[in-house]
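Note that chain A is present in both complexes that follow, paired respectively with chain B and with chain C.
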Partner chain A sequence: MSNILAGRPAAQAASGSGPRPGRRPLSDKATPYLFVSPFMILFAVFGVWPIIRSLILAFYATNGPKSQVFVGLKNFEFLFADPDFHTAVWNTLVFAFWSVVLQIPFALGLAILLNQRWLPGRTFLRLAFFSPNLLGQVFVGVLFSVLLAPQYGLLNKALHALIGLPLDTKWLSNPALVMPAIVLTSLWLYVGFNMIYFLAALQAVDKELYEAAMIDGAGPWRQFLAVTLPGIRPVATFVLVTTTIGSFQLFELPYTMLSNSAGPNNAGLTVVMYLYNNGFVTGDLGYASAVGWTLAIGVLLISLVQMRVTGVWKGEAK
Partner chain B sequence: MNSQSVQLGRTAIIILMVTAALIVLTPLVWLVAATLKSSDDMFHYTFFPPLSRFTLSQYHDLFTKSPFARYLVNSVFVTSVSVMAQLFFSSLAGFALAKYEFKGKNVIVGIMLATLLLPGQLTMAPQYDLLYHMKMVDSYAGLIVPGAVSVFGIFLFRQSIQQIPDELLQAARIDGCSEFQIYWDIVMPVSRPMIGAFCLISFMGAWNSFLWPQIILHHAELFTLPIGLNQLVSLYQTQYGMLMAGTLLGVLPVVLLFVLLQKEFVAGLTAGAVKG
Partner chain C sequence: MRYFPFGRAAFSILMLAVASGAWLSLQPAPKHHATLTYWTYANTHYNSYKKVIPEFERQNPGVTVDLELVSLNALSSRMQAAMLADLDVPDIFEMEIGQSGTLFRGPTKDIGLVDLGPRIHAPGPDGAPPLWDRMVHARFSPYTNRGHIYGLPHDVHAVQLAYRRDIFEKAGVDVSQIKTWDDFVKVGRKMTIPNKRYMMEMSDSDATVLEPLLFQRGGGYFDENGRVIMDNEIAVQTMCWYVPLVAGPHKIASNVGYFGQVQTKAVEDGYMLCYICPDWRSKTFENDVSHMKGKMGLMPVPLAAPNGPQTTTWGGTMVGLTKHNNHQDLAWKLAMFLLLDKTQVAERYRATNILPPVKDLWADPAFHERSAYWSNEKTGESYIRLAPEVPPHYSSPVIQTATDKFSQALIDCVHYYNVHGYVDHGDAQFESYVRSRLKLRADQVRAMAGRNPY
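For the complex of A and B:
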């Protein structure tokens, strides 16, 4: 913090008069390379090379890692014609849509309310809303598969008592209810996580702007539109993009909630589950790479469109 | 405005928020309760049974009838090695990128940023292929080594280390510190809050990791807790109490670590986003 103000000139003076030049010329030059090399080696082998390799593999049909046959664009042709892939893409899009539409307003609303000074117990409330995020998706999946069970499940008991919904509502075996169940579970899991980002953003908005707006006679709604929203735009975009990207990678939650399956009528089949089934259950690593690239390009395009729309991309560079 | 109506609105909001918080906490309370009931009482009492009917039999079953203890030990081992490796590699590289000028630096940063844009699932198939040929499939090496570097961690450390004043490092150089000593004795101690945040984030990632262990580990004795627990779900489908005990124990380490590190955690989480 303080070095933003004071550090620069002092550092320049120090490097101008310091004994650095000439004393350890060799180690000086080699040091940064030495420090990044453990990372660079691992990163090159297990990060960069697999990306290049997946570009090649996408044009091969493979049977496990042992046999590989060049098939050109056949993987992509098959992929785009496969009704299961269409189902997976549709489900993933539906999940992503509802995640964004529910998560962001809920998270922002909670953050705004929890940012009010007059609200008692704010620390406790923040912790309460954030706490589900400490649970890994697998544990949440196992927990909710019991909570959503017909007859005994807590959700059905509660809904039965409150609004008279039948006790045997089959959240996880009725194809029409599988996606709502997954969306609700993920809302419970992630809303507090996004709330933290919005809280941090709200606290960074300049207080004087609110005072100025109030002097100009702006009511709460006008203040929200004129001060809050522009102030949190970069963070809101960040939350929007990461929520979307995360939604496209949905796998563990439905997989464990639906006892290691895609659910009835593939109602819980997602793109990553489709990739996993084809690549690692069936064993076609080439086909899985083709699915991976299709996913990657889809995610990139959607993120770019989102950044364009919210105006963060062209405006104030990061 | 009329202060009475403001007061009324505020009270309504307080009631709403408390209700919402209670709803969010309910599944967790139910989870704790489920692990303390006998199987007969499981659905007889919605939450906690009378005090006299509390029992630890579900935990007893979990450890005596299932290989849960094995999964727990495996997860503790894999997670601690992963976190330490990630911490070391990320902070060292982050230090170099923050405090040295060298040829190729911008290229490295550019490549790292580019890979952040691609979803991790893209590289699962080629990584599996690579590890198969390196004979690292079905081993902890195959689990830990590819994940030892965290690009996210490097950016986190680069950003926090940039805040350390140059003259502090310069003074240490004049005192005769080697560059590695500067990293170890000055940069790391000063970065303690960021280390706390990173450890928690990296711990959560490794501890909860499911898909990659599921792909790379074949033998049940190597299973980590998430894939082991998922296995138990299909084996003991109706033993809810036992499964919930496993779930609670799977969640508890993260909760404890979070309680210890929550201040650092929130700071680390939002460091990139708010400045960005």
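For the complex of A and C:
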């Protein structure tokens, strides 16, 4: 393998002009490292070093690189005592919960529907449901801030006509309605994206299994439980984990929907928004690093639990 | 390949890297041609400066100015990041009043802005009085920190109330009789039709309008020494007065947002009759709802106390010079040119309706013209009359936390009021609740401010 990589004819090696048998030349040993070195250097400079630096910074109060004061664990003490952080964590958990609970069934249901051969225009519908994802969170945030406007917003007009909801319902300035508005918007944005994963998974399920199940007398529901669900389980696990991680990284959508703020009573404050506000608005990158590390550890723990529960490590999901 | 031991693939990659590296290194580095770089976030400022900067360049041969329009949020974060990390920053820049306080964080020596105090207090050229004596002093308050003045005020932003003159006239309301807030509320109860028409644009979930009304009463978030005062007696009484206007069965105010098409439609439809209106917003109305010409009027802010001001302030822009600047004298000269040059004042005022903070400039005839849009009133004169009364607006590096917390206190109080009722439980109980919530929120700001170890 090393000879092929090095590009030297095997005959040359055999003629004795090459290195002695049993000892690889230095250049052969170095070759793989040389190939991976561009990535490793970039990763070390732009990945590993910032991670290490942020860990160090988490123990400092900072005002740029010029002013840093070591504060030990005070950043973490303040963080865990700060009611705004509690609100941010709670909001993020609520969003993550509803994202998972609503998005995955909706995405799966749509995928099953759009996988039916009898459905006319299903290619167009697939594109239509996927297309919101092409817009990006900022655009969607601005769009929905107009759609959800009191008195004149399209949603209020429609709901007023249909169920008599007051026209001045303030989706984005009533603390109780902010999170439902964000979940609704996120559902519109991401359900088509997850649907594509499920569609791919559904098409990969062996058709013979359905035929065998039908012969055994299984109805559609039984087929779904016994054939479809086990067949798409790896993809479902992937969607579950990525949706959860994505939910914990929520930032742009509420930030733009709520006019660059956390909304009334911090109802739209997420952990990443809390990090941003402290790091880039208040200017304390040390405290923001403490928030970042706390978030990273939290997401890691939740992902580990999810992977454990879904049996990924034991190969059960394969 | 004979002399290259790692094979063709590696050789190709290496050649590609060498070629692209050579190409890049041969490209001339973009040169910073302009002598001064000026960042502004306001389109109106940008358009106005663009017209007059060639004249500054003509007066100063060899000097060029690169004027850049940067979005408000981008400007704030880029300025902060650049100053924190010692990166390239503009020589002179403008910052919105609500964000300027965040630049004053950290030890004084590390603040990336030039202390303008000595220049402001120095006698002007040709025997002119110091700039300090020519300006509205209250406008320096947001840009002053630990005794240093880091920003020049671009404006005064005195406030009046804009109102739908046509609707009031039709209803037989004489606005000249509205002297106090009590008078205003009385008229408001008559004019408000729940869910269809409200007397005033005020929010029950953010303190955007509550804040200037707090300033009018002499309150604020911070005192001149940066101490948190948003839970003092003035704040308590202002909150107790404000909440029943936006909540409960007798509310006279609502809100659909302060900018954009939805707000424009609300103005057109007469959904709200009165709007808090600093000078800059009078031009926004004029531009955004131009067909309301002649239907809109301006009146002074009703009195909150017998001898109190008939105005307050909302918004503002600071002009700052960065320490990185190698041409500080030139940058100051540009700032003075844009602020004081009489030849451009009239045109800029007509384009923006923004009253400059320099009092002797107000004599220009442009400030005394009638405005067809505002029912032929002399709008400039009315703002000039109020400008000296504009209250101070002290700031702090944690100003944004303070505004958020004050809004949260408002939401708490509105919720309490909606659930428990004001009349049923009596004023004292509600007042006690307001006091406790303001204290809670103010303590959170104090805790945040107290984290600063410098």
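The rule is short, and it goes like this: the second predicted complex is superposed on the first by the 277 of 318 C-alpha atoms of A that agree within 3 Å, B and C clash if a C-alpha of one lies under 4 Å from a C-alpha of the other, contacts with A are read in each partner's own complex, and residues count from 1 in each chain.
Throughout what follows, a residue touches a chain if its C-beta (ideal position, glycine included) is under 8 Å from a C-beta of that chain, and two chains touch if they have at least 3 such contacts.
Note that the structure is predicted; figures quoted are calculated from it, not measured.
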item: Three-chain arrangement built on chain A, chain B and chain C clash or fit; value: clash
item: Chain B versus chain C as contact partner of A:M195, first or second or both or neither; value: neither
item: Contacts of A:L295 with chain B and chain C, given as first, second, both or neither; value: first
item: Which superposed partner A:A181 touches (first chain B, second chain C, both, neither); value: neither
item: Which superposed partner A:V89 touches (first chain B, second chain C, both, neither); value: neither
item: First, second, both or neither for A:P132, with chain B first and chain C second; value: first
item: Partner chain in contact with A:F251 - chain B first, chain C second, else both or neither; value: first
item: Touched partner set for A:L113, first chain B, second chain C, both or neither; value: first
item: Touched partner set for A:L148, first chain B, second chain C, both or neither; value: neither
item: Touched partner set for A:G47, first chain B, second chain C, both or neither; value: first
item: Listed stretches 43-51, 223-231 or 259-267 of chain C, narrowed to the one that overlaps chain B; value: 259-267
item: Touching both chain B and chain C, residues of chain A; value: 7, 27, 31, 35, 64-65, 146, 152, 259-260, 280, 285
item: Complex contacts: residues of chain B adjacent to chain A; value: 10, 13-14, 17-18, 20-22, 24-28, 30-31, 34, 42-43, 46, 89-90, 92-93, 95-97, 100-102, 105, 108, 111-112, 115, 117-130, 132-133, 145-146, 148-149, 151, 154, 163-167, 170, 173-174, 178-179, 183, 204, 207-211, 215, 226-227, 229-230, 233-234, 240, 243-244, 246-247, 250-251, 254-255, 258, 266, 269-270, 273-274, 276
item: In the complex, chain A residues that touch chain C; value: 5-8, 25, 27, 31, 34-35, 61, 63-67, 69, 71, 74, 78, 82-84, 146, 149-153, 166-168, 170, 173-175, 259-262, 264-266, 277, 280-285, 287
item: Contact set on chain A toward chain B in their complex; value: 1, 3, 7, 10-11, 14-15, 18-20, 27-29, 31-33, 35-36, 38-40, 42-43, 45-51, 53-54, 57, 62, 64-65, 110, 113-114, 118-121, 124-125, 128-129, 131-132, 134-139, 142-147, 152, 154, 157, 188, 192, 196-197, 200-201, 204, 234-235, 238-239, 245, 248-249, 251-252, 256, 259-260, 272, 275-276, 279-280, 285-286, 288-289, 292-293, 295-296, 299-300, 303, 318
item: Contact set on chain C toward chain A in their complex; value: 1, 5-10, 73, 76-77, 80-81, 83-86, 102, 105-107, 110, 195, 203-206, 254-257, 260-262, 265-266, 271, 397-398, 400-401, 404, 407-408, 411-412, 444, 447-448, 451-454
